[in-house]
Amino acid sequence: MDTGALLLSVELATLTTLLLVGLGLPLAWWLANTRWKGRFLVEAVVALPLVLPPTVLGFYLLVGLGPRSPAGRAFEAVVGHPFPFSFAGLLLASVLYSAPFAVQPFVGALAGVDRRLLEASHALGVSRLGTFFRVALPLAWPGVLAGTVLAFAHTLGEFGVVLMVGGNIPGRTRTLSVAIFDHVEALEYAAAHRTAALLLGVSFVVLALVHALRRGSLPAWNGR
Amino acid sequence: MDTGALLLSVELATLTTLLLVGLGLPLAWWLANTRWKGRFLVEAVVALPLVLPPTVLGFYLLVGLGPRSPAGRAFEAVVGHPFPFSFAGLLLASVLYSAPFAVQPFVGALAGVDRRLLEASHALGVSRLGTFFRVALPLAWPGVLAGTVLAFAHTLGEFGVVLMVGGNIPGRTRTLSVAIFDHVEALEYAAAHRTAALLLGVSFVVLALVHALRRGSLPAWNGR
Amino acid sequence: GGGTSLTVAAAASLKPAVEEWRRDFEAAHPRVSVSVVFGASGTFFAQIQAGAPFDLFLSADREYPDRIVAAGLGAAADEKVFAIGRLVVWTPSGSPLDIGRDGLASVAGPGVRRIAIANPAVAPFGRAAEGALRSAGILDAVRERLVLGTSVGQAAQFATTGAADVAFLPWSLALEKELAGGRVFVLPENAHPRIELAGVVLSAAREAPLARAFLAHAAGPGGRAALTGHGFGLP
Amino acid sequence: MERTLNFDLVRRFPRGPVVSARGAWPLDGERVTVLFGPSGSGKTTVLRALAGLDRPDEGRIVFEGETWFDAGRGIHVPPQRRHVGLLFQDYALFPHLSVRANVGYGLHSVPKAERDGRIDELAGRFGIADLLGRKPGELSGGQRQRVALARAIAPGPRLLLLDEPLSALDGPTRESLRGELRELLVRTGVPAVVVTHDRLEALALGDRMAVLVGGSIRQVGPVPQVFTNPVDAEVARAVGTENVLPAKVTRSEMGLLVLEAGGAEILAVDPGSAGDEVYACIRAEDVVLESLERHGSSARNRLEGTVVSRQEEGALVRVRVACGPTLVVLVTRESADRMGLAPGLRVVAVVKAPGVRVVAR
Amino acid sequence: MERTLNFDLVRRFPRGPVVSARGAWPLDGERVTVLFGPSGSGKTTVLRALAGLDRPDEGRIVFEGETWFDAGRGIHVPPQRRHVGLLFQDYALFPHLSVRANVGYGLHSVPKAERDGRIDELAGRFGIADLLGRKPGELSGGQRQRVALARAIAPGPRLLLLDEPLSALDGPTRESLRGELRELLVRTGVPAVVVTHDRLEALALGDRMAVLVGGSIRQVGPVPQVFTNPVDAEVARAVGTENVLPAKVTRSEMGLLVLEAGGAEILAVDPGSAGDEVYACIRAEDVVLESLERHGSSARNRLEGTVVSRQEEGALVRVRVACGPTLVVLVTRESADRMGLAPGLRVVAVVKAPGVRVVAR
């Protein structure tokens, strides 16, 4: 079976999700709080990658970050190898493409946190960062979880960008979704069914666990 | 230019989004409120289509709803024509595939609405439905908007499912994203750039408008 | 409007030739409009099984049409090989590689980091490319450097963006404007497994006679001229 | 029609106490019931159950012959169909709606002109006419409370449930609203249950008072009577009886009980069947202080003692006198000044026998 | 070190009024300032500005020599670095945290053992020890208020800002917490600004009282003095002066002013420079009622009239007497009963000249 591909998929999805949580939460926090007039532009730009077909986005990433572009040369200088066909490149592309799935629900959830509670935290001497982690994040939890789940699941299933940027190299950039796609295209339906069932099974367990977890952590005031 | 494809894309994305809002909001409302133990299973199932690569999902839809399957015959009996390669089929597939992008943020946002306000509304004699529209929805607005934007943008950009289920038939199932994909595949880069620019431009305007709209409707208690 | 329409599903690599056939065919049949859907043969196969409204399927190899026939979705009599695929090695301008001078084995040289081919599992030209590398005795040496496009189009995109240093492409594609800056080395027909492009009229076709006519046109003199003009061999 | 509110309910909080309250209140003459009780005694829980927002674990609620809740028969009329007006203790105003929309929220089926008229009338009454265009986030605490009150009253409910309706208001506003509220309750004739912690409010608003202690209703009766005649020591404390002294019955004399409390002897009216170990409940206002010189002797219910502390309370002065037990006494400022009350001064505390309420321990 | 709180701030609400308050309060002897004022007068606004949660549009705040805010110089010390303890009027408890975690929230840098000790001590003091494991949603209103109070005090702030700290509590709990709070304020020596609507609370807790009316501080002084000597009619009403009578100065006699109010003549101490049109402010408790028989004549400040209404207020009875102006009078229940006060009875209202406070109209 495609255990290598499965592992790669899970690794890519996990890292992408971690990066998106790490970068997306601060961005979302800023978007939810800023009074800057231009924030809607930023929100629109974050959502924009979505409207391009994934392979096309991948194509533009290859153009923009390929070895012929200045950005691509910078990438190579920093990371040590060229952008295309590398795991790091794949990760970058996945992060870009899945960003809206994480950031939009984050903003929605964080914007819903009662400001008075943040003020109460500040008045109690807790820094903005501490307040974010101790008050905003726990209260925005359902929405943050929604964004995280979307980002993870979407990265698992994504194959357009991955195919384009990753080059479908077995063991390195061939994820499970690409493998299933290949099976279907090659008319190897039995193998496709097996792999899809594996992916669905694993994902179902992960998703069910995540959602079951959330049930327990609903704030009590919502249970009264 | 691909105005036919653009119109088709916009039509598909709009209808998909409307359907998702219409069906997803009640589902999300139920998920956010039910005390049923098994709700996490439902949430997992809603998110599941995401983890399959779109073309593979499309493939399974073709298999499951094709003219040889009972479900497919039922579809044909109801809609009047077979599921595959029709706009109605495309719509169904898009709704299924984009469902998690709408439903997850909806649930996150609706779960964050203070229960006491719903109780206050019930005590004032307003039905559950009225309460949903007059209290829950306005208060969950940022998250609901996030889900709607995601569903719309994602349907615009989607091409895997569309290609598989729709069959890329000009004027009927060839959306703009498929058209761009075709241009790139055929190395017609100039045409691809033009079409992508058109799609990005239109989407940017739509997204910016939507986000600008939201700014105005933030509840006042969040502005104190 | 008012006339009949013929829907053809064609492998993406056939695009330039098919577009020419369409023009000629429409000119010869004024009341007929031909709409062509380009895509991957594997996708078409799945769609045809699901009842896709295609009249004619032009594949990039023989295998898929054979399967169509085997599955009873087309008659054996309606299947026809109309072209032979020609594989080329494409290098961008400024590349130090000169395959004409140094032979195919030079692809395994140290200056080549990435070699783009179509995925052999799904694309006939990918299988041919793999075969060519194998007969040159360098497949194992370069396996680590292969990047697989889902289609020949994607392999070409890898090349045009500079992501790959060498690409194995159908000759037809290498003639495209976007690849014009590079150097094309056409491999001899015997350097790789033979690629037979076949078409089949589908039994579900609504316009079966027209589809047969179109396939006949493709295999006929006018069609053959277009094929050779766009880098295909003839059966 | 039978105008009564009958309820008998048990609510068990998984991580909290059990509230089990019962009442059978006629609503014809005595329309306004004041619910009085210490913090956490279950007042809000009872109101929520009456409103239908909370489903008790056991019991029944019957209002004017309609069964609103019956655990045994599985009946639970939803809040929408009970037509009660509930003022939430924490207001629960809709943050996204203007004050006008908040007040008019329950009037959805009323034509706009009539709705606006009703809103404007209530807004005038409750002093929020200038605020109708604002959102709740732009109001002060007391303003929010008044909006919540108007919102609860606007739809003309069949039963008003007011959870501390005036607690956030300053004295003058509170007094004027108390008047408005009383007037409104009388005029509309709508029965009401009003939670308050304020004796004046209970006296001013209530026809009947129910005292909740530790989750159950301990006493129901006319308001002044409950204040003066609590049935047990806990109710006595709950209604603010300043002196609740553990005492022993030493003997009975001419229909009066002779108690011994902290070394002093106190005469009290015999309530019958209180046992030997009792509490003597004495309101601070029922104790009179006299100067030592005036009467040298220490006769009955005349307890000699020393002033321990003196605390100004506006019109009154709160004095603690150590005279065996330590008694809290309220005297007017005038008499306190006249007597020169100050810590250390020797005085006589006179306790009138009818002012001593004896309850079982 | 200069222990003072100086502020002078203007806050303009876009869709509301302007609050412009100033104060310069030494914090050494008189540590506890009570902020008193009608609903909507700006009390919360001032506290929020002091806490740093709200940025005034103009002005300065200087606490113990530290500039916390200066609009001119663009200084705004964030709330985190002011170390104030703010009790929010609506509590703002963290719904996702247990009571223990709420109270300990500001003690993040304190070692766990010490933190738990501090929490347990405060919980004991405020009667919430049994609730430490619950979430705020599982508490009653009064319990929430006590948790919020403990949370504000726990970190040992440099300045306490308490917005109606005891408003949701029943009488006995309130009284005991008042004692705890006073004791705590005295022991820790931390200065405090306490908003209250309750005269007893102001008297019990405050060293100094500031009265806010219509967005500005009108009077500052020792608590009893502000209650008895308001500087203007609005302050008089705000502090609950029952009788604020428009009057005319008719003449001056031996250092006393002779006023004419509603047809009656009232003698008052001359405050100097009040003009001719004035208000006579008389607290209901400063009026004494006498029976008509005792003194037939109607001498000065002895206004004969008719009882209009009688309202029980616990230890006291509130009587309205129409005697030219209609006077509100508070008498003890005892004397009311002795005199048989009831509507229609003719009585004499005696107003002592020092009890009449004359302020400009």
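As written, the chains take the letters A, B, C, D and E, and residue 1 is the first residue of each chain.
FYI, a residue touches a chain if its C-beta (ideal position, glycine included) is under 8 Å from a C-beta of that chain, and two chains touch if they have at least 3 such contacts.
Remember, it's a predicted structure, so these values are computed and weren't measured experimentally.
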Contacts common to subunit C and subunit E (chain labels): A
Any chain that touches subunit E and subunit B: A, D
Busiest interface, counted in C-beta pairs: A-B
Same or different contact residues where subunit B meets its copy subunit A, judged by the half mark: same
Gap in Å, rounded to a whole number, between the CA centres of subunit D and subunit C: 90
Centroid distance [mean C-alpha coordinates] between subunit E and subunit D, Å: 22
Inter-centroid spacing, subunit B versus subunit A (mean Cα positions, whole Å): 18
Geometric centre distance via CA averages, subunit D-subunit B, whole Å: 55
Residues within subunit E bordering two or more other chains: 90, 138
Residues of subunit C engaged with two or more neighbouring chains: 43, 46, 154, 157
Multi-partner residues of subunit A (each touching 2 or more other chains): 55, 59, 114, 116, 139, 181, 184, 221-224
Complete list of chain pairs which touch one another: A-B, A-C, A-E, B-C, B-D, D-E
Subunit C partner contacts - residues on subunit A that touch it in the complex: 55, 59, 62-63, 66-68, 82, 84-85, 163-164, 167-169, 181-182, 184-188
Touching residues on subunit B, where the partner in the complex is subunit D: 114, 116-117, 119-127, 130, 134-135, 138-139, 219-224
Subunit D to subunit E touching residues, read off their complex: 13, 15-16, 36-41, 43-44, 89-90, 133-134, 138-143, 146, 163-164, 167-174, 197-200, 203-204, 224, 227, 237-238, 240, 283-285, 288, 311-316, 330, 332-334
Subunit B-facing residues of subunit D, complex: 51-53, 78-80, 83-86, 88, 90, 92-96, 105-106, 108, 135-138, 151-152, 155
Subunit B residues touching subunit A - in the complex, by the definition given at the top: 39-41, 43-45, 47-48, 50-57, 59-60, 100-101, 104-105, 107-109, 111-112, 114-116, 139-140, 142-147, 149-150, 153-154, 156-160, 177-178, 180-181, 184, 192, 196, 199-200, 203-204, 207-208, 211-212, 214-215, 218, 221-224
